[in-house]
Amino acid sequence: MKQVLIPVITVVATIMAFWYAACVPMNIKFALMTAERQGEIVSPEGMMARRDMSALVLSVKNPAQWSDTWVQAKPRLPAPHQVVTELWKSTMEVKPTSKRSLVFHGWVTLSATLLGFVIGAGMGIVLAVGIVHSRAMDMSVMPWAIASQTIPILAIAPMIIVVLNSVGLQGLIPKAVISAYLSFFPVVVGMVKGLRSPSPMDLDLVKTWSATKAQSFWKLRLPASAPYLFASLKIGVASSLVGTIVGELPSGTGQGLGFRLLSGSYYGQTVQIWSALFATAILAACLVATIGAVERGVLKRMGLA
Amino acid sequence: MPLVIAAFLLWAGAWFLNVQLANGRGADTRAVRLAVPVIFGLTLVAMWELIVRGLALPMVILPAPSMIGARFATSIPTLWTDFVQTFVKGALSGFAIGGLAAFFVAILVDRSDFLRRGILPVGSFVAALPIVGTAPILVMWYGFDWQSKAAVVTIMVFFPMLVNITAGLQETTQMQRDQIKTWAASYWQGLWKLRLPAAMPFVFNGLKISSTLALIGAIVAEFFGSPIAGMGFRISTSVGQLALDMVWAEIVVAALAGSLFYGGIALVERWVTYWHPSQR
Amino acid sequence: MIEAKHLDLTFQTNDGPVQALRDVNLQISKGDFVSFIGPSGCGKTTFLRCIAALEEPTGGSLSVNGMSPEEARKARAYGYVFQAAGLYPWRTIAGNIKLPLEIMGFSKAEQAEKVEKVLELVDLAGFGKKFPWQLSGGMQQRASIARALAFDADILLMDEPFGALDEIVRDHLNEELLKLWARTEKTIGFVTHSIPEAVYLSTKIVVMSPRPGRITDVIESPLPKERPLDIRDSPEFLEIAHRVREGLRAGHAYD
Amino acid sequence: MIEAKHLDLTFQTNDGPVQALRDVNLQISKGDFVSFIGPSGCGKTTFLRCIAALEEPTGGSLSVNGMSPEEARKARAYGYVFQAAGLYPWRTIAGNIKLPLEIMGFSKAEQAEKVEKVLELVDLAGFGKKFPWQLSGGMQQRASIARALAFDADILLMDEPFGALDEIVRDHLNEELLKLWARTEKTIGFVTHSIPEAVYLSTKIVVMSPRPGRITDVIESPLPKERPLDIRDSPEFLEIAHRVREGLRAGHAYD
Amino acid sequence: ADEVTLQLKWVTQAQFAGYYVAEAKGFYDAADLDVTIKAGGPDIAPEQVIAAGGADVITTWMAAGLAARERGVSLVNIAQPFKTGGLQVNCLKAAGIESPEDFPGHTMGVWFYGNEYPFYAWMAALGIETDGADENGVTVIKQAFSADPIIQGQADCISTMTYNEYKQILDAGITEDELVTFNYLEEGFGMLEDGLYVLEEDLADEAFKDKMVRFVAASMEGWKYAEANPEEAAEIVLEFDETGAQTLEHQIYMMGEVAKLTAGSNGALDPADYEQTVATLLSAVSPDNPAITKEPEGAWTHEITDAALD
């Protein structure tokens, strides 16, 4: 534990230091403008004189305004403590059922993510089984699965939503569909690799026992694919979350982290954007960690870890 | 309705043909390897056309492939400018910057175990920040032109590359590392002569993943502000103008460019890692 | 009981056809212990695989107990031991041995009983609950032999089963294998690279030579069924070993 | 020339310390051919690795040509051949052999010349342009030996170099190795599991036993330097082999 | 009660206060209607939604509505609660811009997604090219839906709505006298915003027509209530905002500004305004501005409002 903790803390601390430092040039122009309005002397004077100057130069010239760059209401780059405070306020200080709570929005996003992930991973596994067992499927599906991932999902997400809406599907389902679309691919790729991981010798062995296709699938291919499956599930669940967020952007139902992210940007609420951003990353980390825990458990019981 | 039924009949027929081809005599020939996916793809397109016509779907919902093709043919200059703006300027430069940055950090991480244990977990957290959230911020910072798109792509590409290069550098066996040690090789000799070549399959794995991410990243970033050219720009504005045929023409360009980029990298991979069992 | 007549096998590869077996004729009777020896690539493995119906001959005929190899496999006539132990890492030793029994549809009770029996047979009683990687290489190899024995196939095919073991362990397993064979009267096909091993174990030694793979000599062993380890210093033994070595040299790339 | 005094080595593992070497004392003189034999896990590899400064002893002293192993390695005193060939698949055979030469900064002309020479030495002239996977296992192993020979190190350390080869190829390479040793007067440390091989090759046979790894016997061979293959049937040979086998048995887990 | 689904053009905010007030105050219930209000978003085209059958009635800008009509979605304006528009262009005086003649050589932020039509019409009338900043051209950037570009110094002029982004500029510390404002209406390129549109084929159905009559009447009641009680209306809007991201202060401001736009309308479309919109669009047909190429027919009706406003 200590072996990981100390380096991580060091790196995080370094990033924090850089972050605070970066806030100064990022936010200095606004700080100078407000200071000037309040009658303080800044250099150079006049907003237009500063407009085209480099932020670094301005920062160096006006050390007195540095502290103002960490407390603005709508900064270009919010300071770490602002983000943390906002995260705290919107998770701990409001009821988790309130629409001002990130827990509430997180839950909405999470539920669509989980549904999408289950659909996507399920589809991925089924496709992989098909690909491994049918040459025709292997040859025809794989290139198109790759091509499908080169389509910008954000472009077709609104169409998917509109079309599903028109047949009466709303809210959870359209988001889950997009989320599934993004998560099936890593699962297919990993699962195909996994199902093909038994060596020819392993396969020959079950053949000498005259095992049926089904038997060699359940007793050999499937267990052998477990480590690959979990590795790709971890990527898949992260993609799934991205998919849900993308699905939330145009959907307009208004609940979920994705929507919170964007509505922050309509109103210039940078602190709110950043806190939603971190909430999403934390959610992703939790999802991946959960799968990691299941993985350790299962692989341990299988004697593979 | 008859058209819809025809679509499914077509599907069944094409699938039967593919099964025959794939399990037939010449299944390993280049021609069949190419024909099977092409037949599959063409069938999908034909089904799309038949279903759209059969159900008389309005163009503003889903245009038929023939319409998309017609629009594609008449808009080639526009599509080309958009392609240059998004792919060449945004995606490629971001891809290069992200790849190189990942490479240097990977070497840092490789030299210091402390950094590895610190950077990799933090890096994976940062990588989990959703692009749709970071893109508006980067547009705010780096402006509306391709620079902000390159920044988005750089961030998207960086972590998968870092993870793959680091994993690749660990790929050598203890024996190989010991061997080079008995020759009293320096760190850089070991890196250059042993570990980098051994890492190449991983590096290419990372490049392949990143290639699709790069294009998607550049397009997505354009949704959050852009000059008046670019694939993402065209897609988002054309939806507003209900020019869905244009939207799909751009999607076709994206899929084509993405697949070709991926295929190109796979070709180079074949050439660089000719020695790897998976390539023989 | 196993009979190959004018057996041919040609692989189609990217570089053109490779003739792995050419005009192979061999008769193996029930209860024989047949060793196959020959330089790398001479087709030993291929021949064993033909018997087990893992490979399709391109010419000639092959019958096992009067059936085709395919039918014999369906009738579960074979226990096959590969060069590496090839145990499934996600199953315990007992689980691994149970696997073919599950596939063949034995009842739970039968499974447990048979596992118990073969574990004892290979000196691994008490190790059933361990995972493969918790055992040494030699123990793993024995477990893999136990797995091939568990369902009482008539024919045991072993492809360099002891290749990876050190000499002492190998001697020990050779002794055990002979005892087992004597007790069960199985027919055994055994591939090895070691001349002493071949001579020590077999009633019949088949010497093969490559490009294309064919049989150059079949030596019937005059050694008694009862063979203590130090029979290997006896003149008869050295005599047969010499003949095998000569046969090998004749077909070998060097000299 | 190589001198180990009271050498101890303990590995710290998750399951607690493992004593791999305990109180090992050994003197190897220049020009010796020393074989190490002993059951799996007795520390043969570990000892060789200590000599090559790949492992740090935890006690005792070890000197090579009067230097520390570390210094000797920096002085490029070692050619090390690992059990598996370990050739880099992305380099041709010649490229592989050239690799240590590049690292040691030989000129291009010298590199080419040395590669030529050693390829001849191991009977691989003409195969320089092939890739490792295009060669048989035996040829790969010879290439790997050639690589260790290319830069003319004084000390050749070989860890079961012939373990994966068949008997005939092995015999052949044994002969070649002896010839090479006779010609170059190198000091050779050689790990093997095969008793005949150890006896056939060595001037000195070190028998080791495990848990913890220690030397149980050091046998000076009375065999002449000139050794045809059939010396292996001579009584002196069998006599030494017997002594080695007894020594091994004493330390082995079975019996 | 009869069910009606209304698709808005944008996210929940006071721009649509009339509908939310009508819902919250029970005006719809009183008209025996069960109304579902679907918020929009940056990538939701209401015209597409209604074509796909996802809504009965939508709010949209007339330019987009007419463009959709030309592309086969037969939209008809049935009511126009917004008398005037709030779209404007704001420039920094300090960048040297006093009047439209000063535009060339500058960078201008424009909203696309169907909102670009008035801009291109205006530029065409001014004779300014839009392919790059030089002595007679401007650089156009696709502005995201915020006021960032002018605040961050990335553009000299940006598009704003009187009731939203304009306030954001002021909040960011730029004062009113540092800005020049060009209102599209005043420049003669005004286009009707936020009308109510339905599909022509639906209007053939008497029951549907009746539903719409009641809907428009109740909605206008909502609008008038909102105009009279801006603070309460803002609170109601906030109730309906599911993101929890809106602030009361901003919505009160927005309601005040929106009230100025709706004040002059009783809900019926003024044909003169319609004519002006069509004329503007037709005056500047180009690849950049493909809104409409010919005079539309039957794009509006007074049938509903006539009945509703009785």
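Note that the chains are named A, B, C, D and E in the order they appear, and that numbering of residues resets to 1 at the start of each chain.
Here is the rule we go by: a contact is a pair of C-beta atoms (placed from the backbone, for glycine too) under 8 Å apart; a residue touches a chain by one contact, two chains touch by 3 or more.
Just so we're clear, the structure is a prediction, and the values are computed from it rather than from any experiment.
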Partner chains shared by chain B and chain C (touch criterion as defined above): A, D
Identify the chain whose mean C-alpha position lies nearest to the mean of all protein C-alpha atoms shown. B
By Cα centroid distance, the chain farthest from chain D is E
Two chains sharing the most C-beta contacts: A-B
Chain-centre distance (mean CA atoms) for chain B and chain E, in whole Å, is 38
Could you state the distance in Å from the CA-based centre of chain C to that of chain E? 84
How many angstrom between the C-alpha centroids of chain B and chain A? 18
Using Cα averages as centroids, what's the distance between chain A and chain E in whole Å? 34
Would you mind listing the residues of chain B that make contact with two or more other chains? 61, 136, 140, 223-224, 236, 239
Touching two or more other chains - residues of chain C: none
At which residue positions does chain A touch at least two other chains? 76, 154, 158-159, 162-163, 166, 249, 262, 265
For each chain, which other chains does it touch, given as pairs? A-B, A-C, A-E, B-D, B-E, C-D
Listed in rising order, the residues of chain B that touch chain E in the complex are 58-61, 136, 139-140, 143-144, 222-228, 233, 236-237, 239-243
Which residues, counting only chain B, touch chain A once they are in their complex? 15, 18-19, 21-23, 27, 32-33, 36-37, 39-41, 44, 61-62, 114-119, 121-122, 124-126, 128-134, 136-137, 140-141, 212, 215-216, 219-220, 223-224, 231-232, 235-236, 239, 244, 247, 250-251, 254-255, 257-259, 261-262
Using the touch definition up top, name the residues of chain C that touch chain D in the complex. 39-41, 136-138, 166-169, 172, 193-195, 233, 238, 245, 248-249, 252, 254
Partner chain D, residues of chain B touching it in the complex: 173, 175-176, 178-185, 189, 193-194, 197-198, 200, 273-277, 280
Listed in rising order, the residues of chain E that touch chain A in the complex are 11-12, 38-45, 48-49, 52-54, 94, 144-148, 151-153, 168, 171-173, 178, 241-247, 250
